[in-house]
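The structure appears below as structure tokens.
Read from first to last, the chains carry the letters A, B, C, D and E; within each, the first residue is number 1.
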């Protein structure tokens, strides 16, 4: 009965006659006069969230375990977001419109929205954020791809207090999804003008700024600014934000925490200001082992605990004692956890290696020589799927055929193909000699400390031994591994594919157009620098690059899917990247006291967050 | 005495300078630097950045570092007299804001461990030496050797797991939740001391073994010194003889172990802290080293060395206090 | 070439000063004059005794002559077999090498002076090897002969030093020092560490070998009675200086220096029943801070004002003993007044 | 009764010798004395035998390993140590045999569960198993023990990749034990040379070297290792890294040895027999070669023996932190790194077996070093 | 009649070490009377120090084992068997330092270098009396002055390493007599000292013995030292007393070949006879010797000497000799 009334009230919400409820702790503050009443804190048209199961109760602290530096990632508030069905849902912006030429986005912000310190949030902040921060070459020497097209930054036009337009040079239909998935890059929700301008040259006098910098023990105003802006880590608890919970601990404290944003702009269907949960807390650092132990001890309410599927068992066994449920948290965007990339741009001494890596037959032979089932059994405890390095079959343009091409092990066929390439002679250790009669060695780099890679490397080497191919697996420290990849002179790397849903997010996995491309790094550099550096694109790579440009501007979803499928077919046939296994889910725990938690959990990283985390509540 | 301390301090200065240079070179040895690592990460997130050099220059300017190691070194070292140890790139804070708390806790653990090992070695060493080749002696030396043989990190891991099994909560950290963010007070110190036993046991095991051996050996030597006979010939009861003479003499070599024990303990606490997630220097140093946060790593290394130098100094002073021959000759 | 009137070794103005560094807590520094101008001569086939209490510098003199220490100044003139008179002081280790086999040393401690890792044979052969002999047969023959000379048997050559008693070890030490057929041997407290009965044996051997091999000894000892037994002439040292030199017989009969006199009285004697503790008051002064004038004045019962202010020189005296005229030296201002009254 | 002839016969000796007969201690060399003394130290003797055994097994790692450590098996991940049966179905004692196992994934806990089958496989001695190069000389497939195809023998269980942990331990011993040896060898070279120079020449040289040692010792070793290991050029091959780690360990390890050597050299230099040689015209080189080094050897060996376990522990610690050796290199430290997960300790505790070997070897080395140190100077009581 | 103070009755003792067994003492029969001075003379390893340490049980038991005999201490005319009580027990501690005290050979190592002279003296005085700390200090300074220590009050607060060897031995003596013991053992008190200092110290010991009227046992390897110091002499050889008598008896009319040889082998200052060394050397302590301990070095040894240990014959005026010939 009551719920019905509430539902009716919701319809009248727009009339602004609604009386909202708030958390008891805030009511106390309001009564003391330290905080305006809830109606004055909420925007005129707060975003209404339908609780997953039921309207929750206020209170409690959500004990987490994720490391500190991800706070911004899992707190971010995009302009527009996606729901379960991948439909657009308004968020910061009440509404948005994309122009017919797909170049101009018009966003309308909610009227009366406020930063967590009560200051109003409007297009003035947007202007400051975009023109003074994002396009400030002192802070960002090159414009992020999120805000550029055709080599030029998008133009911001402020229409009024609530409305602004972002105009790209070329058609750019993917901004919404891009800004959703590049949470680290979209920093509007933590860029309040009224606060940050005090630390930016041009807004304060140089001498004043200099004093602030030296008072903080720093030497450059940018050090101070990044510190205030929480750029690389949580360094500033005073920064006003638009988040659900506001970081409010000293960054050096062992136990970090965030408390509710009294000006948070979402309400539930009963008119209760969200979030229900008072705050979050998480340790400054937690070793992988400590995370598991804490989870087992029931000291984590909800979080991903480990990246290793194999940790599931231990967590599962401790459910009763720790009063939690173990769930698999999906990494929906991650296509492949192991991909072998033969470098098409390798131009080193060993021309035989170069010849073979550029041969489609060779790559196909490698692919069918890999025993993916065993890999799956060992690395994914049988829960993974052997797959090529293409997007998920369920994504637009994906298909089972492309995903499973050349994944069936056929040693006889593989050997036959290798023989056909002239690799018939063998040395005294039974390894194949090159066509030139010399020893044939392939050097594969992988990132040290990445368990999947370490174990995968051992298994892969065993498979290659069976083919008579001498693979040397080299583990490299992370920063050096990145350096090798950037240099582009390697033979092969064993790494992952980070783009399973849409080939444009993580385009380096499919197109030779960006840095961090693993199969044609030098051609990518050529493309990226418009011919300034790198190696000219081969025809087949040029084809891929052309597809990329077309997809960037393609707004029609069907055409988009069709073109993606064509790209994937190219990949499945040519195997520039030899995929091994799909990502498996990571074990997570959900405490029995956490309510309104969806069945399906997604990882925070580059995905639509925890679903409506503001409507979770705690009930003992 | 004062003059001696002053002179010892002066002697330490060139040592410190060399240590600072060595520390700095060490952390600069790996190829690439923080800027490189940072750029790499940026490129993974946003692969469309094409002007890497501009990015590098901008970040270098912001961080106030140059390509020249020497310039960076002098920038760093010149701040020391002012208490300015440079800027932490990872934490975006002056190093001086970051290190003291961790060093304090490192010191606390090291100090408590030192006291613990000294007391243990003192008592068991005396008993072992008084009753050599008895069951007690054998048990002590067996456990001593075992302590030496079990790698610290393994012990830490096992204790952590067992504490979950036995007490239902894993041991990690140094404080109860209510004191985590509390300012330092007697209660918090007490709380820390009640948590400190696992790291102390873990770090202390190896050192205790060798100290017991030293104490036992010197006690056995001293027990047969002529002055012990003299003391006995005076008709003093055994306990008075033992405590006043051999024990008093054997304490000196035990005290002199403090000097080299300290670096070992600091090392031990570093690795244990990494396993147990203790907020001491260990994990931060490792993180700083791996992240090539050079000023932070360098300052940590330097401070740890200074800590041990101070330890050696203290141990020398204690020795001088204990032994009039050093003090007066 | 050598007759018994040309000195084999002449020590002239030998000085050995040590600079003293301040200890950890003290900044005290200064110079210890361990040997402060010592002159004496040793003739062929003569045993020259050097006696004095600990810290008087007698051992330092011995080591300086052997060049185990580099003297601060002075000369050590050695009348070598083939090279005539040479001053050892300015010579380098390398230059000294040819003369090493002519000058040897016997050590005090029979335990530390033999390497525990070598057999007796190896120990005995070592000096010969160092002198350039390599023929195994010859080396063995020499070792065998020498071990027999000191009263041990050739079967002992195979043993390690730890199998021997102190006296036997000292014999091995003597054999080692004699194997290169030296002409001059410095024996530093060679019998002090031995038991009374063994001490006598070693003294015997030393005396016999001296005549057999025509040796000269510098015999350093604190024990006047031992010196008396073995030495032809004796020099008495006190605080870095020689205070008296005389042929043994006459020295012990009529000393010409109050210190020698006191020393002799202090030695207990089986045949005497009176402890003479009143003879010498006080203790030996600190070498770093010696008394002014005659260093002995503060313990000397004859001391006068002059002794405090003026350092006495070593003066020559002529005496008659058993009808012969004998030259002797003393460094006392009042020899005439006290002893030739 | 006065003996005036030069030979003073020890004529009591003939009689004495009768009693001493059989007491060969009088003819015993220094080395022999050490050995006699060492033999009395039973624990040390036992440790020495065990250590030799360990090294023997490490050298012939392939022969002693049951399975190829490069062979992994998806069918056998995390198998607990194989149960060896001594009693057949009739209840009679029989030649030890094992039973086959089959795997099933428990979908509830996502855990592999193994059930024992009925097929039996006897454990064979000198079994023909996988083939390998015997010490790099010739191909062989002989192994100490093994079972026929179809059965799997995991003496200490298997790891995540289905590899036999026992075989990995045997292979890991190669690296871990040799790191200790090589590291100590390098430390010995540095330590002996620098300590020797320091003790022999004294003066300023000594002060300088002591200063260097002081500085090195005032660095806490683990942070220093972390810094050094992090500074290894990453492009180096695992083998080079292995040697560099050893070198790093020894760079820090030499200080202890140098101090010992310095002390001994200073003492031996003061020994009168050294002076005797010097006064016979021996050169410095002769003194060092003939008197100082032989005198110091036993102490150095004892000290070195005590340093080896420290190196082994250091290797495991570094590898554990992930800054030392890394898979696919197999060392005990790497094996322990695989065991560092709580999940593993809880579910597959047998992965911790390598730790027992580390502990055992370190214990044995310590006992051995202790025994050697005691035996090093049989004259100690005599002096 | 002299009053017995300490009696050794047929004492035999051994050391059992890893290397073997030594017969350290054999059939020691010795009586010390009140106020007498006795010299025990012998070469190293003859058992003279063990004899001194035995009555106050200062030996490393159980490595040191008494296999036969009794040691009786006569206190208040009540015989007290010192071997019957616990080694470091209360009964022994009552005697140690108070009734029997010792002066050791090396004053350097026999005094702790890290404690002050005062601290080491005071503890002894306070252990055996009811004196307060202050009183004990005054008493100690008094004793130091009696031992002719100059600046006694300052020396009281000095550390022993700051003193010269002679001064240290004076401190030892002052300490040894500070509780007015009835018996003072002086174990080679002057071996480490220079001759001139030796003379001073010997004089001091003799003076103090006379003043305090205590018994003195002076242990030395140097016959000349005892000649000046004691009334009676016991000559030790290989754990046996081979000769015992008044000083004159032993030195002027020695009866045992060893004593004779010993006297002959000492170079003296005032006579000019040739030395007559004893042939051979002292056997290794682990050697088992049958018969007379000296037969191997004795010219007059007979078959009887080789097989039987001679009894300790008493000759005229209590001059005892262990020799068949005498």
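The criterion applied here is as follows: a residue touches a chain if its C-beta (ideal position, glycine included) is under 8 Å from a C-beta of that chain, and two chains touch if they have at least 3 such contacts.
Because the structure is a prediction, the values reported are computed rather than measured.
Visitor: Closest chain to the protein's overall Cα mean, using per-chain Cα means, please.
Guide: B
Visitor: Consider the two chain pairs B-E and C-E; indicate the one with the greater count of contacting C-beta pairs.
Guide: Of C-E and B-E, it is C-E that has more C-beta pairs in contact.
Visitor: Counting only Cα atoms for the centres, state how far subunit A is from subunit E in Å.
Guide: Each chain's C-alpha centroid was found; their separation is 93 Å.
Visitor: If you average the Cα atoms of subunit D and of subunit E to get two centres, how far apart are those centres in Å?
Guide: A distance of 53 Å separates the two centres.
Visitor: Round to the nearest whole Å and give the separation of the Cα centres of subunit B and subunit D.
Guide: Result: the chain centres lie 27 Å from each other.
Visitor: For subunit A and subunit B, what's the span in angstrom between their mean Cα positions?
Guide: Computed value for the inter-centroid distance: 40 Å.
Visitor: Can you list every residue of subunit A that touches 2 or more other chains, as numbers and ranges?
Guide: In subunit A, residues 289, 293, 296, 477, 480 touch at least two other chains, as defined above.
Visitor: Which positions in subunit C touch two or more other chains at once?
Guide: 168, 201, 204
Visitor: Can you pull out the residues of subunit E that are in contact with at least two other chains?
Guide: 276-277, 279, 281, 284 - these are the residues of subunit E that touch more than one other chain.
Visitor: Which stretch or stretches of subunit B touch subunit A in the complex?
Guide: Within the complex, subunit B touches subunit A at residues 30-32, 36-37, 40-41, 43-51, 54-55, 57-58, 61-64, 84, 87, 90-94, 96-98, 101, 157, 160-161, 164, 168-170, 172-173, 175, 177, 180-181, 274-277, 279, 283, 290, 292.
Visitor: Please name which positions on subunit D make contact with subunit B in the complex.
Guide: 211, 214-215, 217-224, 226-228, 230-234, 309, 313, 316-317, 320-321, 323, 336, 340, 342, 345-346, 352, 355, 358-360, 362-363, 366-367
Visitor: What residues on subunit A touch subunit D, complex-wise?
Guide: So the residues of subunit A touching subunit D come out as 288-289, 292-293, 296, 308-314, 316-317, 373-378, 381-383, 448-449, 454-455, 457-459, 461-462, 465, 473-477, 480-481.
Visitor: Once bound in the complex, which stretches of subunit D touch subunit C?
Guide: So the residues of subunit D touching subunit C come out as 3-4, 6-10, 13, 25-30, 33, 271-283, 286, 290-291, 294-295, 378-379, 382-383.
Visitor: Enumerate the contact residues on subunit C facing subunit D in the complex.
Guide: Interface residues on the subunit C side: 66, 68, 93, 96-98, 100-101, 103-105, 107-109, 111-117, 119, 123, 126-127, 130-131, 148-149, 151-153, 158-160, 162-163, 168, 176-177, 180, 201, 204-205, 208-209, 212.
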